[in-house]
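Letters are used for the chains, namely A, B, C and D, taken in the order the chains are written, and counting of residues starts over at 1 for each.
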Amino acid sequence: MRLTYTESERAFRAEAADWLQSALSGEFSDLRGLTNRVSAPKRRLEWEQHLGQARWSVVGWPAKFGGRDATLSERLIFAEEYAAAGGPPRLNHLGVELLGPTILTYGTDAQKSVFLPAISAGEAIWCQGYSEPSAGSDLSAIRTSAQLHGDQWSINGQKVWTSLAQFSDWAFILARTTPKSVGRDGLSFLLVPLDQPGVSIRPIRQITGDAEFNELFLDDARTAADNVLGKVGGGWEVAMSLLGIERGVSTLGQQMTFRNELDAVMAAARRNGTAKDPLIRQRLAQSEIGLRLMRFGALRMLGGASDNQTNAAITYKIQWASWRRSLGELAMDVLGQEAEIAPALPAGEYAMPMLTELFLSARADTIYGGTNQIQRNLIAERGLGLPREPRGDLKG
Amino acid sequence: MRLTYTESERAFRAEAADWLQSALSGEFSDLRGLTNRVSAPKRRLEWEQHLGQARWSVVGWPAKFGGRDATLSERLIFAEEYAAAGGPPRLNHLGVELLGPTILTYGTDAQKSVFLPAISAGEAIWCQGYSEPSAGSDLSAIRTSAQLHGDQWSINGQKVWTSLAQFSDWAFILARTTPKSVGRDGLSFLLVPLDQPGVSIRPIRQITGDAEFNELFLDDARTAADNVLGKVGGGWEVAMSLLGIERGVSTLGQQMTFRNELDAVMAAARRNGTAKDPLIRQRLAQSEIGLRLMRFGALRMLGGASDNQTNAAITYKIQWASWRRSLGELAMDVLGQEAEIAPALPAGEYAMPMLTELFLSARADTIYGGTNQIQRNLIAERGLGLPREPRGDLKG
Amino acid sequence: MRFAFSEDQAAIHDAVDSFLTSISTSGGTRLAMDDGTGLDRPLWHAMASELGLTGTIIPESFGGSELGAVETAIICEALGYQVAAVPWLASAVIATHAIARGGSDAQRSEWLPRLAEGNAILSFADKGFSCQNGLVSGTSRFVPQGCSAEAIIVHADNRVYLVSTDTEYCLMSPQTSLDQTRPLAKLTLDHAKAELLAAVGWDEIEPLAWTAIAADALGGAQACLDQSVAYVGERVQFGRVIGSFQAVKHKLADMLIGLEQARSAVYWAAGEIDSDGDDARLASHAAKSFACETYAECAGHAIQLLGGIGFTWEHDAHLYFKRARANLSMMGAPSWHREQIAKLILPEDLCA
Amino acid sequence: MRFAFSEDQAAIHDAVDSFLTSISTSGGTRLAMDDGTGLDRPLWHAMASELGLTGTIIPESFGGSELGAVETAIICEALGYQVAAVPWLASAVIATHAIARGGSDAQRSEWLPRLAEGNAILSFADKGFSCQNGLVSGTSRFVPQGCSAEAIIVHADNRVYLVSTDTEYCLMSPQTSLDQTRPLAKLTLDHAKAELLAAVGWDEIEPLAWTAIAADALGGAQACLDQSVAYVGERVQFGRVIGSFQAVKHKLADMLIGLEQARSAVYWAAGEIDSDGDDARLASHAAKSFACETYAECAGHAIQLLGGIGFTWEHDAHLYFKRARANLSMMGAPSWHREQIAKLILPEDLCA
């Protein structure tokens, strides 16, 4: 157990801080402090490319794919400095944090050399096509089908809750490639370009007023035969591995955002005097504790701690989702009715102040990537070895 | 909606208060303020008989069985005054509050005229034999069997969690009278005298150090053939009706005990200054709210309110059990380490101060009479019409 | 002592319920949201003309039906169930209550008949103002449907004033607010001429106001439960309707447990107000804090149970979720109300 | 930066675990409860003689193994798992820490070797005392296993004193306490002669003490989870093992979620103490409050999941439940620790 940093870690921190500071106070100062995930997509695309040129877009990846072979500590340090510098949400979050590592694990050499540099350079923005109208919590009920026609897959079906699809170039989707297969068998993990006639995208407006999620309609959408990650029919394994990454190392950067959010709530409490209210103080302290424990939980999970590393990983998603939901409620209680007011907007538009948007958007955190209920099932079954529930025989 | 009392209700209150005051400051002053349910059983038996002689033991029953035909308001008033006067826990709680009303509903004239006067006079103390080692939450898994031999039932089996059996003269038990029947069918509700060779009772020591519960072993225990309440084979219906009463009118007296308990916590908070702690104040206020809402919930349920009367009844058990558990925790937090100390006792003995005992005993409240989990099933299924869970085929 | 609706009350309950079920739609609410007013005019006019609901707490001599707090709660509950976008709470309950109770004969004659007909819309401002020499000054950003109001009931130092919005000393500006069904306007008064409603203190207005908000919350929470139950009874995952899973059932059970207590709280408070009981203040604090928290929880659970759908703008779940939040903070957060209860049950001189 | 046990730490973890699993039984704990001492002497002697566990934080020069806070937490966790009735926390951690850190060479030479061998048992009193002219007076009813202690570490005004129990100025009396595995004794000192442990302040003792209590809680919570999982995997109701019901599964999942965070908290705090980090105080407040609350919840859930059985004296569930409560209140309730964290993260001069 070593909670201090080495000389070279401190040097890495200084380098990252310098670069970020200069970029975000110079050419990209308009993006500094941005928190909304659908704002300024064009500028954020340029930011992805700027990061890529300076090899700061995927620090943990091998150098040959545009990374820096950063250690876990260094990745953590970069995430801390990125947040401290007020870096905007990453437009290519899904490509950088989820798909990239999955390609590193499951990709062929050809796939790695095609897809990874494009991600690190900010040239291919990715989104994720898992859920469908009848396959939400029960992801294995996927109906979208893909059939090989010559050297191309033809894909038909509908995906929902496709985050940021409207800004993306590619989607990784889970489709049924074995006709009449059921459940987890017969699915494949396909990489599909979005700029084609067979793909249409309909943004879904959310309770925040924004449209981060989309419906994705696939009507004879096409992709090359070798754009399958992992084995044909082995898509479930790849998809689950990716979800594991979603619960893993990708979370460190997210925690830095949480830090900024908690700091904003504390600043608000100081400003309006509620920081003196003993009830609010308890909740702020509990939020601070929760955030710190997430940090050390993530370090335990990623640092190869032998003591129940899996359990640390498996309990992580529900922890942060519940933490952020509580923080949103705390923010509202700190601000009181103030939080319910936004500057006047044109009729029909709707946008709330940052902490109110946190309150609203946190309601999705406990749903996407597996609801809190699904997480508890998973924890009980995989973490504690309890029996699965009997499945029914109704059709969705 | 009328929240005030009539003239005759006020007169009834005065009469009850006078009598209780005189009895509990005179002959029975040793019982005043007693809260433990296993203390002083002999004196509490005399108290039952004293109540009976003055027709205060079962005020809501018909006069011909020893009651006063009291209205709901009057029953509430009596319960309030009983608690205000510091009346001890009723030794015959199960006879008075649960079995009596069930006999009034299901009993034959002969049964009524035999059993009811004995209860009202404090001459027959009753206990309840429902649960078995393999039939807890799943009460219908009862295995205790009863077979008719001539004019007597012969009963074999084992009951557990039989409250106050060691002080009781009779038990009402649920037994399987149809051989090889399963589930809710084939059960009968039998009235069984305990003073006989076929019955043995083993007290179970609990976490409070007391032994309120018992195991009840039935080894060719006997009762007369006509000591069946309701139809032979129709015991489930009778048992469930009794559980409904347990959740119903019997609760008003209990609420007065809760009032005394909450008052004791508030008094402790005033004494040690924690009544000035904003966190404690919130919780005391929430407890006060919870208690008041139980009161009006009970009135709604009993007063024939048309608006979801059933839902008020069906949600009541979990409400009070959860409320009392929270109160126990609040009491411990108010008292701090003080609560963890009792006067020195002989080695091997264990008894905690009243509020600490509340904290401990409240852990049973969320279990007996249907755990909180079973209550939620019941609420979801009966109150909201949601489907039952699939039953398995394992043997317990 | 009897804790159930009287026959008249039950009849009003049924009539209001079936009227609103037939006429109020979330489509109407959404139109009122989109134009920024939070005012579903067709519904408001129907309420006034068809059932006379705008005059329920107005004396018969001024054209109302002179009903009590229980009836007020019944109507609030029904409107909350529909997330109706009408100024009922602000105008027909709070402002009307203030004038009916505190106004002079002249003030009552001027306002109550028009309020009874639904032709006048008023709102209220509960904090941020002071009065000197009959002139009121201050700012509040929290005036419900203030832009539709021709006059405002203003609280200052426990006195209650009536201020016209149609003067140069009054500035009312629209704001985008979280809950668009009752948008909050910003009111600035700069030495505005004010009429004192002399016969009433603000503290006498509060219990009915708190109880009315609580009743709105009760209705909203019931709607969240009903919509969730309907959805989980149809949605299939893992080959079963999701309503057969205990995680779902138990969450819904908890909602019902909360609701039943909220229901007791609201009608206890209303009953205490109607019978001028000693506990009217305690009960209305309890109702406001408990019912509003229950609503917030039920609305949150509904989104959770609905999954992604519940998070969309298209689904009504967010209307309830946002109104629940607005009810929670309007006229005192739950923790404030509980602290007031603590003051009542733990008088200071009795503490060590 | 690395957040995992070192190889040595992992080895200690395994050794202590397997030693205690083989030797510690709730039977031993119950004997120690019944005789009123809360002292399982066979276990204590085995801990001292077989693994030298009584001297882990004592410098090697005084016969100890000079280990750190992480190792201390590992051992506390293992003892908590067993609800072991030994004076480890009071004597081998808190009192020993005070002497090792604050004592003069003479004091260290007098006590540490005997403490290392387990031949001296000490306890501590953290509140209720004052010192004048080297004489300590006051009363505490909360001295863990005080009746077995030959000397007490007494806190007064942030100074730390060592007081012998074997004088006429010291009265130690037994009490029946909720948690019989570490019974609290009543200590009265009336101008008792006290030795100052000059090199340490009480506030320097606290972080390790809090972390040790938290680690005991972590172990206890893990035991509650393990025992519950075992039970629900066997108990059949409704024709299914009850561990297949979501209500049961999700409660157990919540226990694991809490436990995992408690584990992070305890070893974060221990790591901060070992590396003399700036956050040692913050982290140990966090560990104390979080892990102790988690233990209380897990112990309560275990009783609930076990049903009637869990409520009996015969089953061990109540040993955990009561010790969880004792850990919660010992050396500061969770809300007090959170308030201290609030003071750290919200410095007063930064508040409006």
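Methods note: a contact is a pair of C-beta atoms (placed from the backbone, for glycine too) under 8 Å apart; a residue touches a chain by one contact, two chains touch by 3 or more.
Keep in mind that this is a model prediction, so the values were computed, not measured.
The chain with its Cα centre farthest from the Cα centre of subunit C is D.
For chain pairs A-D and A-C, the one joined by more C-beta pairs in contact is A-D. The mean-CA centres of subunit A and subunit B are about 53 angstrom from one another, to the nearest whole unit. Subunit A and subunit C have centres, each the mean of its CA atoms, that are 39 Å apart.
Residue positions of subunit D with contacts to 2 or more other chains are 241, 244-248, 250, 335.
Counting partner chains per residue, subunit A shows two or more touched chains at residues 278-279, 282, 373, 376-377, 389-390, 392.
Listed in rising order, the residues of subunit B touching subunit A in the complex are 277-279, 282, 390, 392.
On the side of subunit A, the complex with subunit C involves touching residues 131, 134, 136-138, 141, 160-161, 204-207, 209, 213, 279, 332-333, 336-345, 347-352, 356, 359-360, 363-364, 366-368, 371-373, 376-377, 389, 391-396.
Residue ranges of subunit B in contact with subunit C, taken from their complex: 1-6, 9, 73, 76, 266, 269-273, 275-276, 278, 281-282, 284-286, 288-290, 292-293, 296-297, 299-300, 303-308, 311-312, 315, 318-319, 373, 375-377, 379-381, 383-390. Per the touch definition, subunit D reaches subunit C in the complex via residues 245-247, 250. Within the complex formed with subunit B, the subunit C residues making contact are 1-6, 9-10, 13, 70, 225, 229, 232-233, 241, 243-244, 246, 248-250, 252-254, 256-257, 259-261, 263-265, 267-268, 270-272, 274-275, 277, 282-283, 286, 289-290, 335, 338-339, 341-342, 345-346, 350-352.
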